[in-house]
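Both complexes below contain chain A, partnered by chain B and then by chain C.
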Partner chain A sequence: MKRGEIGLGLEDSGYSGMVFERLSSLHIDIGDLISIERNGNEFTGLLMPRSQIGSDENHIVIKLENGYNIGVCIDERCIIGKKKSSTKRRRKPPVVRDVNPNLPTVSIISTGGTIASRVDYRTGAVNPALTAQDLYDSVPELEDYANVHAKVLMSVLSENITPSDCTKLVKKVASEIRRGVDGVIIAHGTDTMGYTAAALSFALSNLPVPVALVGSQRSSDRPSSDSALNLIGATKIVGKADIAEVMVVMHGETDDSFLYAHRGTRVRKFHSSRRDAFQSVNDYPLLRINDRGIEEISEPLLRRNAERIVKVKPKFEEKVALVKTYPGMRSTVVETLLDDEYKGLVIEGTGLGHAPDILRPVLKKAIESEVIVVMTTQCINGRVDMNVYRTGVQLLDLGVIPCDDMLAETALVKLMWLLANTKDNREVRTLMVTPLAGEIGMRSEYSQYHISSRKR
Partner chain B sequence: MKRGEIGLGLEDSGYSGMVFERLSSLHIDIGDLISIERNGNEFTGLLMPRSQIGSDENHIVIKLENGYNIGVCIDERCIIGKKKSSTKRRRKPPVVRDVNPNLPTVSIISTGGTIASRVDYRTGAVNPALTAQDLYDSVPELEDYANVHAKVLMSVLSENITPSDCTKLVKKVASEIRRGVDGVIIAHGTDTMGYTAAALSFALSNLPVPVALVGSQRSSDRPSSDSALNLIGATKIVGKADIAEVMVVMHGETDDSFLYAHRGTRVRKFHSSRRDAFQSVNDYPLLRINDRGIEEISEPLLRRNAERIVKVKPKFEEKVALVKTYPGMRSTVVETLLDDEYKGLVIEGTGLGHAPDILRPVLKKAIESEVIVVMTTQCINGRVDMNVYRTGVQLLDLGVIPCDDMLAETALVKLMWLLANTKDNREVRTLMVTPLAGEIGMRSEYSQYHISSRKR
Partner chain C sequence: MSDESWYEHIGLMVGLELHQQLDTERKLFCHCPTVIREDEPQGRFIRRLRPTKSEMGEVDPAALFEFKKKKKFCYEYYNDTTCLVEGDEEPPHDICEEAIDISLTLANLLHSRPVDEIHPMRKIVIDGSNTTGFQRTAIVALGGQVNVGGKDIHIQTIAIEEDAARKIADDERNNMRVYRLDRLGIPLIEIATAPDIRSPHEAQEVALAIGMLLRATGKVKRGLGTIRQDVNVSINGGSITEIKGLQQLDMVAKVVEYEATRQENLLMIRDELRGKGITPSDIAMDIHDVSDLFVHTKSKVIKRALSTGGAVYGVKLSGFSGLLGREIQPDRRLGTELSDYAKFWGGVGGIFHTDELPNYGITKDEVEKLYGFFDAEKDDAIVVVAAHSDRCIAALEAVVRRAKESLIGVPAETRTPLPEGQTKYARPRPGAQRMYPETDVRPVKITAQRLKMIKKHMPEPLEERRKRFVREHGLSKDLAAQIVRSHFLNLYESVTEKLDINPTIVATTFLNTVVSLNREGIPVETIGDMQFERVFSSVAENKISADAIPEMISYLAQNPSATVDDVINATGLARMKQSDLQEIVKGVVSERIDYIRENGERAIGGIMGVVMNKVRGRAEGKTVKALVTSEVNKVIDGGLQQ
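Showing the complex of A and B:
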């Protein structure tokens, strides 16, 4: 499906037989709002194409107002009616807005993801489609908070973001900052937003202004979409908050009561669908923002300072792997990575930083071949401490580097970045355990632990 | 170090030079309680051998009362004193206890781990060492709650537990149940306790009595150890609670206020060191136990019924891999698993169940070669729903099986178990998405989500 195109012919939509006849006799097209009366129940929604999966010839698939698709089985007694023709989106000419000198200037860079997406009527699934301009047009409130420059850098679902995409993004953010904007927003898919946030945190240092990644857990065609509020919140923060770090700005609760700004190296997607999916790990969020304003929760590493010159090291080594251990694991996977000349290996081990003994010979071989091997924990919360158990001590003796309370995902990105920007492996090992962007914390606090609110 | 042996000669302990001379002239041996006065500070603790790492010739390593080791640099002005000789543990003859007919009968099977461990004075690290009898001897309160049969099945740190160890354990638990006990306790390392709990949950069905895995986050030589309370709680539960499921019984809070019993297929170690590290995911715990008794939180799938005959399917297919995806991942790792004739693959994807597009060809190849490929989410909380995004739909079309709200670790174990006990791959695919032991939930509740208590 091409960008901006929504109306599809009924012929291409997978309907056939009696259902096709009835729809075409009523001049109904894909995307039209229709009603179906069946056994006294009325269903109203947008006509969707037939999905390849799960519906037979006699079903009509409609998208209900709540965003969900249902299939309705059609027989002769069903009454089908057309309520409204699909509104084909027309591309508006770019609006030239007056610059308001009292407002900050903010760049929005669109990379794709749900926040910049529309439903693909061919598969019934969500696709990245909107341009940054569309994004801006759809949230007109933005002009109350900032003069916004919106641009599209790429259009990918975030599971497909690669280290080289991150390099492109780092360079783009740096060039926007050098233009003198007051802050930069990146619209990004939520799936791997935590990884990209870590990448920007290491690759951009000495920031003069804040950089916020923002996404959406529900697409903008659904009434529960969080995209507008996240975008407005991020605009307020990068426009005026006294902080110059890379952050993720997303809902702090499932309702619209407040947002959090999390530090880019400390944040993780912890829920597949909730709007408050992002949480800081082993750390507190940096800011909370609601109707009353922006509140500082943790002291930032850097305050806003327009005089500061951003430093950019945009490269990432692609040959770094994340390997989660499990009972019964064999060493073949790690052997393969060595054969493939990987340069770094992040083990997501168990507990305080352990891995099955069976991996020890291959890890020894890896370290002897100058591969950097680091240890994180699949517990996610808490620290790696490899001095407590014999097996931990043995791995330390081999040269495995303990990553303290760093997230596995952040350790992966940090190692990719260090290996691309540091010549000497000794320096990589030293920097790996040195906090560079708040990724390692000195102390743990009780209430940083993620606990379900529990049924008491 | 041999089991039960604690006193080591000073000669074997790594000390040399001036430090060795001073210790031996004072007749100080490894394990003795000593004091060191240095610059007006006095340090008291057990003399430990010199670790290979981190201490030079002039350091003495002592274990403080709080369980931590420190190195003290010795010079001529330091005053060293011996406070108490090491008490070598003597093996007590097994006590023949009178059976109390008013108490339930409980089997404790020891597999190793911290709950059954002592500090290894050679490396300064913790090693599995205690027998089940020692375990019993060290918690004499147990005899107030049950007639306990304690036995050692194996002695391994849990990161080294293999599927075949699980088979051995399943058989042992079944044979204890067949002997007519009122409940079975398994002492197990915490690192992979969640995986083993899932293994027992699938391999043992139609249970007449409860089975509880119990561990300890702090070794029993530390005042903060949780081993006694967890063991007592598990004994109370398997002795009398009206439930017949596989559970994990561990602290529910960092203090000693209460324990939770979590369903074996729904529990995960979420913190590397806290005593309340274990949490139910996408579900509530089953029971809470404190001084006032046992409280039911969720309805169990099965109630206790001594007449019921346990069904045992103890085998697990070892050629099943867990693969966590990440940005920049390549397909080589999965290629290797195919070459190695793996039969099952659990993808720990992102968000609602996505994986980088680059993996699609190799996943297609895997499924065409009759490898079962299933999808879980690294978000941990929430459900996989592959109908929302194009990339999810594409994976579904290939034949990737969505695991709903099942934990990745549980999906791994379930697939290992199904592939070893089901001939027909079609049946494996059907059973994979059918709840067999509470591993898939029908609805999600708001307060099941793990959220940090936050600094407000």
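Showing the complex of A and C:
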């Protein structure tokens, strides 16, 4: 839920200018019953926040008795009056729950977005469910699968997550694992969930238990939200599946039927809005989960083993860029990055791993000044092979590193991580092409690629 | 006492909510066309809905109940006329401006005040009819009135909202309901009147009057299911009953009358129970397994239940003997109301109650055993259910709850209309609408400039149109008066505007031909506007004769996928060539020379009849008559010459 989260103060309710002045001079607050008289018509309703897009300075939004909101245009002649102050509702005190010794213990770390929420139909506010109690209230089925610990680590929209946020998250997950939980769930906005999944995959190695990132494509305030099914599925997986990897757990198709758990280094968001937006690239998902149980599709890299000690390398180099080439591209795009002392450059080239000739001089300059330059493909599916055409060979000769079938986003994260956690560039170059967390595969299989067709 | 004063005496109050589909280019929140389809869907998907937690902890009990039953919803879609928005896989697009304009036009006709800014809301509905779990709805105008029979009926609100998905089937075996996405998102205008209506007849008149205003905009859909109304009925001491989704306007009076009767009868039953000294505590949730009493039963229902692992459960309702069999609406008894609850909450097929026993294979002996088992008096009734035990218990718990309500009076319910005008229980009446803002769609400002444009382009009033049809189209006064009141008004206008065709032919087709075919049971509802237009253009282009229209329409109605050309080929209704017609006339005349000589010009009528029978609509009477007259005259003249 990106919008509509409101506080009850007038200051952050979206009103400004003349309307704000008049409301505050009358000591009117959000939720108060007010009346507005205009041209002989009276409108009565609860004052609502004006936090929606397209708002201006001269409308007041009120909720009528029948539950509908309307906007009333305000001018100097309008008479505004306060009829009744809002009644604040008291929340129930949380119920203390007994730990069920037969169930696994699962930590749910929230980074922002709302995997669960509650709606205040009085004001229209959608408030995130943050505590374990809130989660149990919103998704009561969780009680059947795990003893849940809920933590709010940060409250960031996923497009704003930075490498240092990732570092914080890695440390938090590690500390939860060290506490001996059976699995960790991270509630994450879907936009950059693939990047964070890759970051965790590299920064947390030798995992004893699974870590699952989970999100929702339909906000959790709506009855059709995918969030509950995703959260329940992730809870079942991290609680009992015999796997110890970082995964993304989301809908497998538009139906509320099954979920896939994708390997954190192989997953990408492929659709801006569909529930089944996440797909594995150049690989298969790891698990498929539905009402009947969990099915293993691919062999995991590690099985669950509580004795194993997690290794943590949480740092990331921020000065790494992902550059997509395109017809007519100028070399200044890259030069600017060099001027800014970037240390790594992931090129999302065309086809088998090509870039316009015009970039060659600046890439040469970059590599000579110890910037690591790696190549991925903007085709998304398939492998780079820079030996086939002369352009590729020339780039190879300059020292551009081909990333095989690694996702561009994963290559970016991996390079950020390597630059922050290795001794020298030679080691970076070697490790970049060495599979560390399932991010590279040497065989491309037929069924890994899908073609859309129109069913008739 | 006259009907009107009787209804005044019992304090009848009625409010209407009319929902009319708009005939817009696109849906309210996406760019799909507003078409309903009967061909095989191109795909389907299955979803579930979960009641969202409210700050107030309120959850719609019926919704919660369905969720707990793990109800699944299957949605059928078409690639070319539905999209991800209907499937709740893409955020809604901006509101359809055309729908707003139509609503503003209607607001003008009803003297309502448009709001300054339209705010789309989400109204929680989790019966699966909306993929999102809510219906998007927005108020466009407030207040206003419509004058019906000299009385002002006040309008409360004019709203636009998205129509729901169309229910196709209930797949009980898989605990799944099937919906089709074609209807979801078609713009609906909702007009809610104040509870100003005081008699069934008035309710009907108000519905018709608003219906006519809607058609006057020229922008509404026609046909079954395109207009639906909710009727809210209460009487003194009763409750507001919300009868939802009535599709025939001409049933409004009957539905209101039956509901008033129902509430009166329920109040009478309440008074009788109270008179007997029955209190709510006398009606206990004392539900027992009575399977043992039915081991040797002849009742097929009970035998089947027992042989498939089920049981028989019963409960005593103190003081209800004779009342369960009491009719409260034609053919519906208090027992039927209890049974509706049992079906809804217990998912059972129905109940048995002692007011209707012995019957259905249950013997007098078994009834006596039941009375013995429950230690019941003659004045008590016993209700029995046969099914799986958890269902039996849920069903009887609902029966007891409903029986307790009988002591209070009329339960506040949402009810579904039945074909004859009675109603059955649908679900408890939801409390305050659970609404919150649709944050994915921008609010829309209604500018003064826009309102000016709307005022400038108001549709021609029906009265003006009636006069114009007489003046310019040459319709009779009677036909003109009928067509302006007809569902076909818009189609009549577009056909007569587009095509070079005699307007009287078009009007009589809609007002007489279609009506009489409908009476004969021919499903004329299936014929779309396009098909009608093609029939008329075939007439205009001289492909068929006007006399062939009834047969064309009848064929199209029974073969909805046929094109007009198919029909012409299949029925041989193509207009005959003049020379072929002449051949036929000559043949008929030559076979009847003697008859003509005997009867002279009087023979023309008889010969006409024979020829018309042979050409069956492939030629117009006028043409045939001219040919027959000329041929007959030749024979007469020839005779004279001889």
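The criterion applied here is as follows: the second predicted complex is superposed on the first by the 337 of 456 C-alpha atoms of A that agree within 3 Å, B and C clash if a C-alpha of one lies under 4 Å from a C-alpha of the other, contacts with A are read in each partner's own complex, and residues count from 1 in each chain.
What we mean here is this: contacts are C-beta pairs under 8 Å (C-beta built on N, C-alpha and C of every residue); 3 or more make two chains touch, one makes a residue touch a chain.
All of these numbers come straight from a predicted model, not from anything done at the bench.
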Chain B versus chain C as contact partner of A:Leu64, first or second or both or neither: second
Which of chain B and chain C A:Cys73 touches, first, second, both or neither: second
Partner, of chain C and chain B, that touches more residues belonging to chain A: B
Touched partner set for A:Glu348, first chain B, second chain C, both or neither: first
Touching partner for A:Val388 - first (chain B), second (chain C), both, neither: first
Contacts of A:Arg308 with chain B and chain C, given as first, second, both or neither: neither
Which superposed partner A:Ser138 touches (first chain B, second chain C, both, neither): second
Contacts of A:Ser273 with chain B and chain C, given as first, second, both or neither: both
Which of chain B and chain C A:Ser257 touches, first, second, both or neither: second
Contacts on chain A seen with chain B and repeated with chain C across the two complexes: 52-53, 69, 120, 124-127, 254, 273-274, 454-455
Chain C partner contacts - residues on chain A that touch it in the complex: 3-4, 41, 48, 52-55, 59, 61, 64, 66-73, 89, 92, 117-122, 124-127, 129, 137-138, 218, 220-225, 228-229, 253-257, 273-275, 454-456
Contact footprint of chain A on chain B as seen in their complex: 51-53, 69, 120, 123-127, 157-163, 166, 189-192, 195-196, 254, 269-274, 276-277, 279-280, 284-285, 297-298, 316, 318, 320-330, 332-333, 335-337, 340, 348-358, 377-385, 387-393, 396-397, 409, 412, 416, 445-455
Parts of chain C lying in touch with chain A, wherever the complex brings them together: 42-43, 45-58, 79, 84, 87-91, 113, 115-119, 121-124, 126, 131-134, 137-139, 142-143, 156-157, 159, 432-437, 439, 442-443, 445
